[in-house]
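The two complexes that follow have chain A in common; it is paired with chain B in the first and with chain C in the second.
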Partner chain A sequence: MGSRILFVVMIILALLAPQVLDVFWVNTLIQILCLGLLALSVDLLLGQTGIFPFGQGAFFAVAAYTVAILQVRLGQPTYLAAPAGLAAAVILALVYGLAVRTSGVYFLLVTMAMGHIVWGVSVRWVALSGGDNGIGNIPYPQIGSFVIKGASPYYYVVLTVVVLCMLGYRVLIRSPFGVTLRGIRESESRMRALGYSVGAHKYVAFLISGALAGLAGVLYVYFNRLVSPSTASLHVSVEAALMVIIGGSGTIFGPFIGSAVILILRNYVSGHLVQWMTVMGLVFIVTVLWAPDGLLGLVRRIRIKESGRLRQKGSRRA
Partner chain B sequence: MTENAIEVADLTKSFGGVHAVDGVSMKVPCGERRAIIGPNGAGKTTFFNCVTGRLIPNSGKIFIFGKEVTRLAEHQRVAMGIGRTFQITNIFPKLTVLENILLAVQGTKRQKWVFHRSITSFAESQARATEELNRVGLAHRVSHTVQHLSYGERRQLEFALALACRPRLLLLDEPASGLSPGERQRIAEIISQLPRHITIILIEHDMSVAFGLADQVAVLHRGSIIFEGTPDQVQANSQVREVYFGDV
Partner chain C sequence: MDWVVQALNGLSMAALLFFLASGFTLSFGLTRVANMAHGVFYLLGGYLGLSAFKVTGSFWLALVVGGAGTIAVSYLCERYLIRRTGENELAQVLLTVGIVYVIADIALFIWGGDSLTIPPPAFAEGPMDLPGGMVYPKYRLLLIVFGVIVGGLLWFLYKRTQLGAIVRAGVDNREMVNAIGINIVRLFGLIFSLAAFLAGMSGVVGGAFIGLYPGAEWEILILALVVVIVGGMGSLGGAILGSLIVGLVDSYGRWLFPELAHFMVFGPMAILLLFRPSGLFGREA
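== the complex of A and B ==
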């Protein structure tokens, strides 16, 4: 019940944000939501299924480039380009999904290589991708005759999509399929001995994860209105994983909290401190050493300790 | 059913130069209770792993309920109706007891692919889970995480997982290991009360449990079966006594 109230409060705050914050912060919030969704796609595999992907940026970038190519080069409207971007990410995931035949560090390396392939294509296939310059001047998204121009309107679009994804994700992880993924995370051998085709479940999880990452890419490209090889770089995938670890793996909010930490460091602290990257590195080291479950895990542990102490004192929990 | 639950022909599994299972042939009729005993390292668990499909043998054939499964994947064999316990407890540490048992219940059901409904909304599976937890006496721990269970409780849960999918064939790998005498008694009682149509193959070091339950006993030593017979015959055989009981 407490977490539901918290969720409602956060929704209210999120809805009011553009009214009280300036454009800089609204833009930062949009980035937090888009990259948070990418981080969520990482956590579906890492936190739920127990496999560590290091190339989710591939789906993010492929979706972004598809939107860019369709809108800028081929003059297609948003209602075609956006779904096509998502579809491109899913098609790539169907192929890249072969990676689930590997496990552990090999899965990490294979997915990293797969991400690198997309980056390589974006740099070299200049006719398609624009090479190092990328594709810019992506038009504002347009539904019918309604053009979504400006930070605040687009913020609400992104917020709606992300909240819907979070609600859908919540349903997914409570479903038999979701519990199956956690079973795989805990003991693959036990799952096989219970009749599960572990490979098939991992593959489907990989597809869903690729779709979420692609959706994040579509949302991001209309915000950034420019896509370039840096969108496909290893940095994007690594940062998404960092967000999951800092915020708290295995949760729904964790990836978004991690996204907020990293983006505030990058967008805001960088303006005040030249050594902001050192700060980011320190945040990561501190998290790994003292809060491996991330910030949400830390909160959970404090709450458990508090309730234990209350029980010892003999008072009843509210 | 006149077919055998398990038929193994000349099974061999080697790891490098070590023949863990060395030309084992065995037939277990449906409904029989068979114990496999033998010193540590005799190949008992490796034998189980070959039968369930966790390991692929080097040579030989395996038939389960009359169907050849030698090249079939583990999860496909399990779907034929096999429940198994592991020698080293193999359950889901960070999940609750309820989630553990629900995973076992839905393992061979289409339900496991549903992603739009909560797992607790499947009434039939919930009922089945509750039934199994009651049978092993873990109903009061239903929402506790496995990490907080005692060793004995974890072994009980391991056992419940094997029974949850209503197997026709039960492979129990030292179900009583590490348990207190009272807990052993309970496990032995549960096994003896299982319906007679379930075939049970039991690896055990505890002779009172093994001989109390078994119709037939197979003695494994260095990968080969050195003797097969009733519990009385096994206890009387001098070779078995020398190898296993340390008598001369």
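== the complex of A and C ==
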């Protein structure tokens, strides 16, 4: 019940945000939502299935590049380019899904190497990707004669898509499929012994995760209006994983909280300090060593401690 | 003739990759730490070597300083950071990524963002005539010879000495090795330092070959990872075969299909994963 009220309050705050905040912060919010969605795609594998993807940026970037190429190079309309971006990410996930044959840290390394291929192509295949310059001047999304122009209108589009994704995600992880994924996370061998097809479940989870990451890429490219190899770089994948850990894995809000923490910190620090990469690195180190369950985990731990203390008091009275 | 030149290019790249991948695979096999900082140790070793070269003018001293300096940094990272993560693989990966960010940023601050190269030793400068009318850089040939020597030394260390036997036993069952009275923590530290030395040294070697620049830490790490994934984690033989495959495929790929060079390296990896998820010489994870 509490989480439902929280959800409604957050929706209202999110709806009011563009009325109160200036353009800089509305843009930051759009980034938070897009990268939060990417982090959510990581968490489907990390928090629910228990496998750590390190190449999620690949789907994000392939979707973004597909949209850019279709819109700018081929002059296709948004209603074709945006679904095509999503489809490209899913097709890539169909291939990269091979990675689920490996497990543990091998899976992490393999997905990392796979993610790097996309970066390599974006740098080298200049005729297709524009090389280091990337593809710029991506038009505003347009449906018929209706153009979604400016930060606030686009913010509402992103917010709608993200909220729908969160609701869909909630249904997914509460479905028998989601429960099976958590079963795999807890004990793969036991699930196999119970007759579940572990490989197929992981593969489908990987596909859904790739689709979510692709959707995040589509949303992001219409915001950024430029796509370059940095969109495909390892940093995107790695930071998405960090967002999940900071926010708390295995939750729906966690990835978005993590995304907010990282992006606000980065936007703030990079405005004041040239060495913001060092700061990011220290955030990685501090999170891993002192808050391995993330901020939500920290809150939960404090709550458990509190309720334990209350229970102790109660029993003493009795 | 071009085919032979590309083969030599591939072999010299394989030698460089072997220095990196052998350290990564041995330290991973024993400690189970997937050290993302291996690539930044390469870069750091190269930069330290470059500074040492500027002061002393000696390539060999640069090699020693690059290797030793990297050991010092890696020791601090292992002793005070990585060791605290216990056996949580994800935590180790994220922690070492954090180390990469910090070291790479500091290196950028000290050595700047331009691509820098270390001059090779005087006797290996310039081209050399090979039979068949070919001309080839001496330094790359030296690299191949160097690769064979280091490979031989590591092989001897791993298969013929007591330390190697302990390491091999540790890869198989580290609890048992610990139980029979061998200080496993010290052993981890030792192998971690050996890996860092190899990475730092290869930074100097690679600095005279492909150059040192920000971003190299990830590029070289990924290539080393592919070597290790193809060869199988924790296997020295796998690292040798893996670097040969990746080095040669990379060289021919760049030459034949320059735009798809990355596909060329990762293609064999993907196909191999279909049939042998644990690599050529790896065991089931």
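We adopt the following convention: the second predicted complex is superposed on the first by the 304 of 318 C-alpha atoms of A that agree within 3 Å, B and C clash if a C-alpha of one lies under 4 Å from a C-alpha of the other, contacts with A are read in each partner's own complex, and residues count from 1 in each chain.
Note that in this section a residue touches a chain if its C-beta (ideal position, glycine included) is under 8 Å from a C-beta of that chain, and two chains touch if they have at least 3 such contacts.
Quick caveat, the model's predicted, so the values are computed rather than measured.
A.B. asks: One more residue to check, A:183. First (chain B), second (chain C), both or neither?
C.D. replies: first
A.B. asks: Could you say whether A:25 touches chain B, chain C, both of them, or neither, answering first, second, both or neither?
C.D. replies: A:25 sits against neither chain B nor chain C.
A.B. asks: Regarding the shared-chain residue A:98, is it in contact with chain B (first), chain C (second), both, or neither?
C.D. replies: Second partner only.
A.B. asks: Mind working out whether A:172 is in touch with chain B, chain C, both or neither, as first, second, both or neither?
C.D. replies: Touch partner of A:172: chain B, not chain C.
A.B. asks: In the overlaid three-chain picture, which partner chain does A:277 touch, first (chain B) or second (chain C), both, or neither?
C.D. replies: Only chain C is touched by A:277; chain B is not.
A.B. asks: Per the overlay, which chain contacts more chain A residues, chain B or chain C?
C.D. replies: C
A.B. asks: For A:193, select first, second, both or neither according to whether it touches chain B, chain C, the two together, or no partner.
C.D. replies: first
A.B. asks: Taking the stated contact definition, name every residue in chain A that is touched by chain B in one complex and by chain C in the other, in rising order.
C.D. replies: The overlap between the chain B and chain C interfaces on chain A is empty, containing no residue.
A.B. asks: Using the touch definition from the top, list the residues of chain A that touch chain B in their complex.
C.D. replies: Counting only chain A, the residues touching chain B are 171-172, 174-180, 182-183, 186-187, 189-198, 201.
A.B. asks: What residues on chain C touch chain A, complex-wise?
C.D. replies: 32, 34, 81, 84-85, 88-91, 93-95, 97-106, 108-109, 218, 222, 225-226, 228-229, 233, 258-263, 266, 269-270, 273-274, 277-278, 285
A.B. asks: Using the touch definition from the top, list the residues of chain A that touch chain C in their complex.
C.D. replies: Result: residues 46, 52, 54, 95, 98-99, 101-106, 108-110, 112-114, 116-117, 119-121, 124-127, 234, 238, 241-242, 245, 274-275, 277-278, 280-285, 287-289, 292 of chain A touch chain C.
A.B. asks: In their complex, what parts of chain B are in touch with chain A?
C.D. replies: 52, 54, 73-75, 78-79, 84, 86, 90-95, 99, 102-104, 106-108, 111-119, 122, 161, 165
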